[in-house]
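Single-structure report; data block below.
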Amino acid sequence: MKKVMNDPQNIVQEMLLGMEASAPGFLKKLNGFDVIVNKDLKEERVTLISGGGSGHEPAHGGYVGKGMLDAAVAGPVFTSPGPDQILEGIKAIDKSKGVLIIIKNYSGDVMNFQMAVEMAEMEGINTDFVIVNDDVAVGESSQRRGIAGTVFVHKIAGARAITGASLKEVKETAQKAINNVRSKGIALDPCILPHNGQPSFQISSDKMEIGLGIHGEPGIKQTEVLTAREIAEDLVISLKEDLGLETGEKIAVMVNGLGATPLMELQVLFNEVAMLCQNSGIKIIKTYIGNYMTSLNMAGLSLTFLRTDQDLADLLNAPVCTLSFR
Amino acid sequence: MENNVFPKKLIIETLRRMKTEISKQKGYLTELEAKIGDSDHGINLDRGFSEVESELPSLENKCIGEILKKVGLILMSKVGGAAGALYGTAFLFAGKELEGKESLNKDDILQAFIKALEGIKSRGGAVLGDKTMIDTLEPVVKYLEDNSGYVETREGWVRITGVAWQGMESTRDLVAKKGRASYLGERSRGHLDPGAVSCYFLIKAMGEGKD
Amino acid sequence: MKKVMNDPQNIVQEMLLGMEASAPGFLKKLNGFDVIVNKDLKEERVTLISGGGSGHEPAHGGYVGKGMLDAAVAGPVFTSPGPDQILEGIKAIDKSKGVLIIIKNYSGDVMNFQMAVEMAEMEGINTDFVIVNDDVAVGESSQRRGIAGTVFVHKIAGARAITGASLKEVKETAQKAINNVRSKGIALDPCILPHNGQPSFQISSDKMEIGLGIHGEPGIKQTEVLTAREIAEDLVISLKEDLGLETGEKIAVMVNGLGATPLMELQVLFNEVAMLCQNSGIKIIKTYIGNYMTSLNMAGLSLTFLRTDQDLADLLNAPVCTLSFR
Amino acid sequence: MENNVFPKKLIIETLRRMKTEISKQKGYLTELEAKIGDSDHGINLDRGFSEVESELPSLENKCIGEILKKVGLILMSKVGGAAGALYGTAFLFAGKELEGKESLNKDDILQAFIKALEGIKSRGGAVLGDKTMIDTLEPVVKYLEDNSGYVETREGWVRITGVAWQGMESTRDLVAKKGRASYLGERSRGHLDPGAVSCYFLIKAMGEGKD
């Protein structure tokens, strides 16, 4: 096991302290809690919180800032934070206009965030939540995981929230983004967990996984290593079908690296995606290529399509000031 | 102490044994979960039970109900993930049932088990056969409903542990319907569910205190 | 070997096409050449070009855009482009106010870029160049490599160029940045080359390399795997000494991932760096944490310090619009 | 043809043999460079010489000088890196020396070698003992200055190749002073320099055409 770290027990805390120190102008770590908040939160408005297990950096702390999230709660690596941590985050950003909680669809996250919601309600804080389930690799949609598409939901809901919209409106906007976003991933190699130095799954050197999650778990099927072109075809077809995308429609695209994938490979993949979209008359209005929702040092990527109307496009393009999204 | 009464001291010892057992099995649980999940179950539980252990001294003068509720909150907070929410809820529910008690009898224990199962089911929405910790716990609860006296003897616990073991083993051939392993669909078949396994170890650790 | 790619022969071209497609608003690939240019280059001013072997993404194409580079030339993986490619880039951005060429100090780069300069001069284009040699791991300064600190030089020279300064002034500014920037890196694991699927060097699972370059080459020495704290100490001491940094001075910091290092680890390292700087009274005015100058999928990082006066700080903070720097 | 005249056809054949040899040694060169550099030397040269080979048909009606100059430009453009600049310059310089020639004699060859070495030294600034391709080439040039007639016989080329081999081998114990390996300092000792090795293979390929 090789990692740049001190004691693995403290890795999340030290990461958050490093994050805070790197952006003293606008980020603050809550004392005693693994929560990063937007420190100059002055306006009385609906505020947004998200989070989950760590290991997905820059998610979620990298998305805290004006125009996006107001707080991010960081659990241990790949492990949802407990409700006490989440509650503390909610309390820290509550401006009595309501707090929207953006949850990725994993049993652990959903249970812990919902417990926090219950606790917040008991403390008289007005909250509501949405659950992101963009991963088309998993069949049934109630079971679908939340993966990289979640970042678009953060951005769009965040852009709505600073317009002073009501909790109901911000939630509706977030849900609209969720309804229009789909993702699917592939992995070439597992990640290495800091706590035990073991690969998260076993895979031979000539195989890859299709339809994996972002927690180092294997995918839904294994194949030979495909070419960039074949991968792009598989992913684009899945996303297009699931979204029911038609000629003339507009989308934003994210090619998301899982942590150890050279940007070169992400750009090669995007080149294929762009050609496929052009061939089927789908217009890409904005492109994001990079590490947005990672899985430690997993080798692989995911592709996300967000179908955009003018409203979603404007929200996506609205100004934002965070460490890792713009 | 009488054989049919479980004083607080024994409960606290049981919690310590749970921690010891989980620490011992941490690597095994991680290995198991590498097959069908995210490999953190053992690490998470170990973190949580270690915290429980270090908090125990400060809890000793509380009633059993309070102790278990506090254990539930610690697990929720420190284990995190699905297991933290679920085991946390289980202890919380059990604790609520045992409010004010300084010792337990077999009925108390049965009720605590029933509530714990209820907590897990209501929190996670899974049912028997979904390849989760419920597949270990529910058969045990069913068994205790008919045989609650077994908690009073070492031999009884051997039987109870055997039921837990069978429940755990039953998950091997199941396709997961809840939790992370469910994403694998058919690929989840052929592997034990880590939560079902940890649940077996916890029940085993309970029984080992009975002499 | 597992890479998301088609034929390794075409990987650089496909990457550049993907890059162009991802930013159709402001990037263009020169037809028939592996050169990315800022496509709306209207002002008559000094223009900037850099480049080198590929595999360092987002360097260098990610730094093309308003306020930074005007062109980036991409050689094959880890191989300097030939002078013909570089010349084409120079010609494409020449606005007859002079072209400044920013070269990283590697024999291959220096030779090829200098040949291009000679050819450009023969075609009557007014050019000048600077050589970045920020890597303190190598003893003698004329031999020192150019690594992540180069990105600061791009930014600062680019910010000067758009003020309409002369070629001489832009060069002086670039040289000032070079004189004040130092870097040093460590590696935990080698990278895998796309052309042969082999690791770029061998290292056992309990060792790390100190003072490595960005071409997958090994470092100047091997040690046990150190903790984040120990690594930070080694790097900070080297940079401070070499820069002669004193209490009260101000610096910009870059913690640069080499491609496969989780952001989490970079932030943990920065946390240590920030504490060490605080302890010695050095003020960090700006922090960059991420993948800026990579080595394909090498695991490791480099630390860069840029000593700043008001002038350099202003240039660093000046607005910029590129894919990968802001 | 006379034994002491080298017609253009033979030069073109020699270039083809160089390409074949480099392709064959690509993996070996990569392995060598993995120890002290960035592992691309073999890949780069192979890319360059493959392009040379595919351009050869279009060059056949040019003079030897033009052919070698064009080869130099192709290597510069397609090899890239240090070796592209250096071998490119070497061929360019040699070509300039052979302007207008349709066949070469031993003096032409000697002069071409001298110029090639000059090109490499002026472009890269390295000297003998810096652990570079110069350590192979310079002894060969020195040797030819005294024995230029050796280029006319098969046995002569065996000797020349032997000198190249010794030069190449001399790099094993050197500490690199130029190029990428120089960053390794003392750690570069004990490994052959890949450029010195490729230079040996190119010279070997030249000699193998002589019958």
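Chains: A, B, C and D, in written order; residue numbering restarts at 1 for each.
Operating definition for what follows: a contact is a pair of C-beta atoms (placed from the backbone, for glycine too) under 8 Å apart; a residue touches a chain by one contact, two chains touch by 3 or more.
All of these numbers come straight from a predicted model, not from anything done at the bench.
Q: Counting only Cα atoms for the centres, state how far chain B is from chain C in Å.
A: For chain B versus chain C, the centre distance works out to 54 Å.
Q: With centres defined as the mean C-alpha position, give me the chain B-chain D separation in Å.
A: Result: the chain centres lie 73 Å from each other.
Q: Counting only Cα atoms for the centres, state how far chain A is from chain C in Å.
A: Here chain A and chain C have centroids separated by 28 Å.
Q: From the C-alpha centre of chain C to that of chain D, how far is it in Å?
A: 32
Q: Among the residues of chain B, which are close enough to touch at least two other chains?
A: Counting only residues that touch two or more other chains, chain B contributes none.
Q: Of all the residues in chain A, which ones touch at least 2 other chains?
A: none
Q: Among line, ring, star, complete and other, which one matches the pattern of chain touches?
A: line
Q: Give the pairs of chains that touch; include all such pairs.
A: Pairs of chains that touch one another: A-B, A-C, C-D.
Q: In the complex formed with chain A, which residues of chain C make contact?
A: Touch residues, chain C against chain A: 1-6, 11-12, 14-19, 21-23, 54-55, 57-58, 62, 186, 188-189, 205, 208, 225, 227-229, 231, 259-272, 274, 284, 287, 289-291, 294, 296-297, 299-301, 323-324, 326.
Q: Mind listing the chain B positions that touch chain A in their complex?
A: The touching residues are 27, 30-31, 34-40, 43-44, 47, 73, 76-86, 88, 123-124, 178-180, 182-185, 187.
Q: Give every residue of chain C touching chain D within the complex, in rising order.
A: 53, 75-85, 106-108, 111-112, 115, 137-139, 143, 145, 193, 195-196, 198-202, 213, 215-218, 220-221
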